[in-house]
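These notes open a run of structures that come right after.
Next, two complexes with chain A in common: one pairs it with chain B, the other with chain C.
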Partner chain A sequence: MTANIPKVDLPLLEKGSSLSQDAIARLRRNKVGMASFYFLLLLILIAAVTPWIAPYTYDAQNLALGAAPPSADHWLGTDTLGRDQLTRIMYGSRVSLMVGFIATAVALTIGVLWGAIAGFLGGRVDAVMMRIVDALYALPFTIFIILLTVIFGSSMLLLFLAIGAVEWLTMARIVRGQVLTIKRQEFVEAAISMGLSPWRIISRHLIPNVLGPVIVYTTLTIPSVILLESFLSFLGLGIQPPASSWGSLISGGVETMEEYPWLLIFPGLVLTMTLFSLNFLGDGLRDALDPRASKD
Partner chain B sequence: MTSEKLLSVENLRVLFNTRNGQTVAVENLSFSLEAGKVLGIVGESGSGKSVACYALMGLIPSPPGKIETGRALFHGKDLLQMSEAELRHTRGHKIAMIFQDPMTSLNPYMRIADQLIEVLLQHKKITKRAAREKSITALMEVGIQDAAKRIDEYPHQFSGGMRQRVMIAMALLAEPEILIADEPTTALDVTVQAQILALIKGLQKNHNLAVIFITHDLGVAAQMADDVLVMEKGRLVEQGTTETIFKNPTQDYTKKLLNAVLTSAKPVNSFAKRDEAPLLEVKNLQVGYASHSGSFFSRVKKFTRGVDNVNIRLYRGEILGLVGESGSGKSTLGRSIIRLIDAQSGELIFNGKNLLDLSPANLTDMRRDIQMIFQDPYASLNPRMTVFDTLAEPLLVHGLATQATVLDQVNELMDDVGLDRRFIRKYPHEFSGGQRQRIAIARAISLKPKLIVADEPVSALDVTIRAQILALLLELTQKHNLTMLFISHDMSVVRYLCDRVVVMQKGRLVEEGETEKLFSAPEQEYTRQLLAAIPTL
Partner chain C sequence: MLLFILKRVLQAIPVLLLVATVTFFMVRAAPGGPFDKDRAIPPEVMTQLNKRYHLDDPLWKQYLDYMSNVVRGDFGPSFKYASHTVTELISAGMPPTLELSLYAILFALLVGLPTGILAAIKQNTLLDYVPMSTAMIGICLPTFVLGPILLLVFGIWLGWLPVAGWGQSPGDKILPSITLGSVYAAYIARICRGGMLEILSQDYIRTARAKGLSTARIVLVHALRGGITPVISFLGPAIAGLLAGSFVVESIFQVPGLGRFYVMAAFNRDYTMILGCTILFAFLIILFNLLADIVQVWLNPKLRQELNARG
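Let's look at the complex of A and B:
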């Protein structure tokens, strides 16, 4: 049968063969998105090398100096104990970025898979899986955290687990809702009638098509996780003074904002810039992953 | 009747500003509409026929749309220069419009009564009680029985045809002079379409309305219009009385459109092997939709019959047409054959094996042999996969290709369906509807199936494209020796393509026979109705 097909020279194929490669190419053309990406990369780099480049140590006190406004010695000022604020923000970014990205990654992975599987399989499986989500939702968050601390003591790992355990619930619901509408579309039915395995249908046909809302929700989750960390630290789970995080710096700064405004302004500014970058990058990623968004 | 010009449009030019620059949707269009006449505007999708009329009503979203030049004189006033307030008064009151999809053009949360009364209160000084009386009369006029009672129901309690009647009643409430009907019957079944067309025609005579009737269906235009205007890519191609356009078209495009109307019957199929055992035998098939009620632990299942005790034989090499109106169960039957829907009882003997008894593993193998082509080429392709990925996936999953050979095989499929090989790295949204349907067909034949279930594969396509796709299907079935179950509501398409026809109504099989025999001498009343409802040139 193949014999009677005239042999045509293979034309040169356009570059980019998969969605991810195309997406990277498209993202590169998005200037705001790329700028945000590089800003975040810079933050992560600084966080990684902080112990070697920080001007002071995070717990070095200068009680004689006390809370001082920005100066040549202390670019971003010092706190009430005379600790260098720039140093504390740099050390804080290690905790905050790690919590933000890792806890969100945990939530993302569990939530997307859970929601996609429940939505695609439907029926009783869906009912059981979503009731589990409901049950966890119903658990009061504060009590849940206190219980965890009582049982396991306080540690960074537990912090990630606790936050991830809460944040994936909403993700699972969003993804399930999207999957329910997408699985009725004919291209999914076509995939079923092609004899593809459920796992392949979920990973190749469903998940790529729910990425839009997932990415938007992810960029909203990272900042809320970063702030959640300060609440958890307050409850005794997570980091303890004198270690710092953006969340704890901001909540500390709020208490003294009338006397020493720089203690609130600088950590707040860093957090805000991070959030902006995340949002721009998220928007860029969403457009880049959608082939229907303009090609040029 | 005087031949007074009610509406005259001159040099209308409508632009859309898009990211890739300006697109001209309507270019230099002039036409006039006389009182009491029906003007048919005919064209394929993208011809600008709807945009032109939306522009007159001030319904073009702006930006991105822009009416660049032109005049539209209605009673001496230019519609295009009117203020929003004047326009609002004209809209509905003087010029009314009915839309294509009766399912979405009524507000689902409002009773019919409230929606009708709202129109009257907006345009007339009238009490609520009088408005209600008037609305009931209007509903009676469009043929809704028991109007006084049904007026208090919600839209979902009406069928598609009934909703379109309600829309027409609503359009006529304010006693307009011009009615613009934008593909008012496209979403409806053929027999319902025939009723709605007769209704519009009757109302037009009684109220001495001028009607602009936008349609892609030449048969409908021939039946409805006094004058016809043919449009292509925003330009006027030809205009004249219906008779001249259809009998003596002067432009090539008009001729092409007319030729695309399927009047010919299919040549006798020499491939069908009737003497052998059938490839697929459907025996006493019952398919129902289960709806759940009750709590999580005590589920009550309720069944609604979709397919009721159907028996069909499909022989190797033949194309069997399955016709019926919406709700007849024809799609349900098609989907249960490819096991997208589970049947409750009966047998599906395919190639000697009962599909309903297969274990999940065997079912996966069997899926290779039965493929489906779907109706909507916009929904049936994964928007995030390139054509290459779409076509390579089934080949790789079923082990019919290796990484080394898959590119060649995909290219051959592209040749088979007449698509340029250079397109394989593109995404579905970069293709037109017809091209997408070609991709979907390529995917269906990629596994070299024995049977293809085609569910209305051409009903979403323009007439000229439709003819091409049908020719392609015919060519491919012969080349690859395919057997096809062709589901359609369009009798002329079935006549063109199918060897035998099965007619379904309300889940049951009504009639079965050789295509030509069935078309020339239908035995059942329902088949006769279906055939009579086909609009002809």
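Let's look at the complex of A and C:
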């Protein structure tokens, strides 16, 4: 076996491009994906600096003005209390994006660890851990979250934890599936034979190698989390006034849509465009990171 | 096959038990009781109320009593509407919700399946791109944005359809059903397209083409059965989403259904009502997941054989 190994011209290999460079190049060619990426970047930037650039404060009322259609002073109009809608949408984006990112981070942490541990240890531990995931899948989660907000009151922290705690299941399944295939490869066997601790193998060898699917699924989790928060706020169970989130703005807009349709249309538009961009970016990332995976 | 069904039913029971137990103790652990009013209630009255609803029993006894009642279909009295039992409220709210869900899923299938099949046959043409892009928009458009917009356009501006109610004026079921169903129409179209594309590239389809069968016959007789299997496995989870969606749709269109009751119970802290609805929803979701699994096995000879082989 060791006799005739052909000599490999090493410098030649350097001219190739790395996996991530390939992926970025593929993503750059995806126009819708890139447009979504820049839209989201802009949205995040605006949300980050909202307290300094917002034209008004989110609770500044102008009762004399009341609900006014878009004008030079108020670009997106005002609500029934004369509050500037652009400002309230900007503050709402802080809430919605924050819930989206933090709850997804919670889901990501639990899901990746759970899946990696189950997949790596295998055997009975794996069977028990995955049975738990199966059982949780059968639970009616939207109902469960409503229940949680009823019982513990609707605090921001609870919202993060509750949403994060229900979104980790699919992540755990994906990671476990990936780990099962990676586990059989030589570099993991090498790590085991070197006597590394299971924790070190999971954190240093397994998790970095499942990042691709995890990134894709994360991008697709954020919109479903944002949607869930808006859904709760729409029902009046999420963010409480005078703070605003997109869901509560839409819910307010629905009440008065007959007279003041702009109060429904603008927040609805922003929410839909955000969800749209996140989904398209997720699709684009999937195509870029895993060219073999089909779209559906 | 029978064994498979039996096994799945037996698996569903512990899950249901878990839901009921967790919900029960969560509700009991909640700060603030159902009788907390703005006005302070005299302690004697409080004691009487607690006695009447057996809230002074030890917790384990309350739990066992409740569970044994639930098994017999008795969810106890409503804390908010003292003259009604939860079972009465649920059976009043159930028919509109089920009807709405049924229409929504019918709408989703009637729109989604043909669109998906057509897009798969005409892959990479306008008939593929346009409906699939529309479906992507449909998936991203939340029910609580789509519903009010449909209401505004068709109910108020054009005045074609009633804006609220359920079964009171002709056509008032159309907008809620479409609102609830459209997301699923979009999903089904995409999933159906994916499933059909995979089947259409199989060898036995090529054989059918080589025999000179018409496209219609190939698609309807040979490909459809395999192509819609992913759609069927999607229908189980879709029912869960449908129930959640009905909360919003029923609120927007003022449908007197279970979803609206549930949200109202959540606001009123009507604990027995919340408990009863949660258990019922869990039951429905588990039931429909089970049905979807069974239909999937029934449609797929390969899976059926595997089951038979394993005994």
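In this section, the second predicted complex is superposed on the first by the 174 of 296 C-alpha atoms of A that agree within 3 Å, B and C clash if a C-alpha of one lies under 4 Å from a C-alpha of the other, contacts with A are read in each partner's own complex, and residues count from 1 in each chain.
Keep in mind that, in the parts below, contacts are C-beta pairs under 8 Å (C-beta built on N, C-alpha and C of every residue); 3 or more make two chains touch, one makes a residue touch a chain.
No experiment lies behind these values; they were computed from the predicted model shown.
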{"item": "Which of chain B and chain C A:Leu235 touches, first, second, both or neither", "value": "second"}
{"item": "Touched partner set for A:Ser251, first chain B, second chain C, both or neither", "value": "second"}
{"item": "First (chain B), second (chain C), both or neither touched by A:Phe187", "value": "first"}
{"item": "Touched partner set for A:Leu227, first chain B, second chain C, both or neither", "value": "second"}
{"item": "Which of chain B and chain C A:Leu196 touches, first, second, both or neither", "value": "first"}
{"item": "Which superposed partner A:Arg204 touches (first chain B, second chain C, both, neither)", "value": "first"}
{"item": "Shared chain A contacts, counted only where both chain B and chain C touch the same residue", "value": "294-295"}
{"item": "Touch list for chain A against partner chain B, complex", "value": "1-2, 5-6, 8, 10-11, 13-14, 16-19, 127, 131, 185-187, 189-197, 200, 204-205, 208-209, 289-292, 294-295"}
{"item": "Parts of chain A lying in touch with chain C, wherever the complex brings them together", "value": "135, 138-140, 142-144, 146-152, 223, 227, 230-231, 234-237, 247, 250-251, 253-254, 257-258, 261, 264-265, 268, 271-272, 275-276, 279-280, 294-296"}
{"item": "In the complex, chain C residues that touch chain A", "value": "12, 14-15, 18-19, 23, 26-27, 29-31, 136-137, 139-142, 144-145, 148-149, 151-152, 156, 190-191, 193-194, 240, 243-244, 247-248, 251-252, 262-263, 266-267, 269, 274, 277-278, 281-282, 285-286, 289"}
{"item": "Complex contact set, residues of chain B against chain A", "value": "19-20, 296, 335, 338-340, 363-368, 370-372, 374-376, 379-386, 388-389, 393-394, 397-398, 407, 411-412, 415-416, 421-422, 424-425, 427, 429-430, 440, 443, 447, 480"}
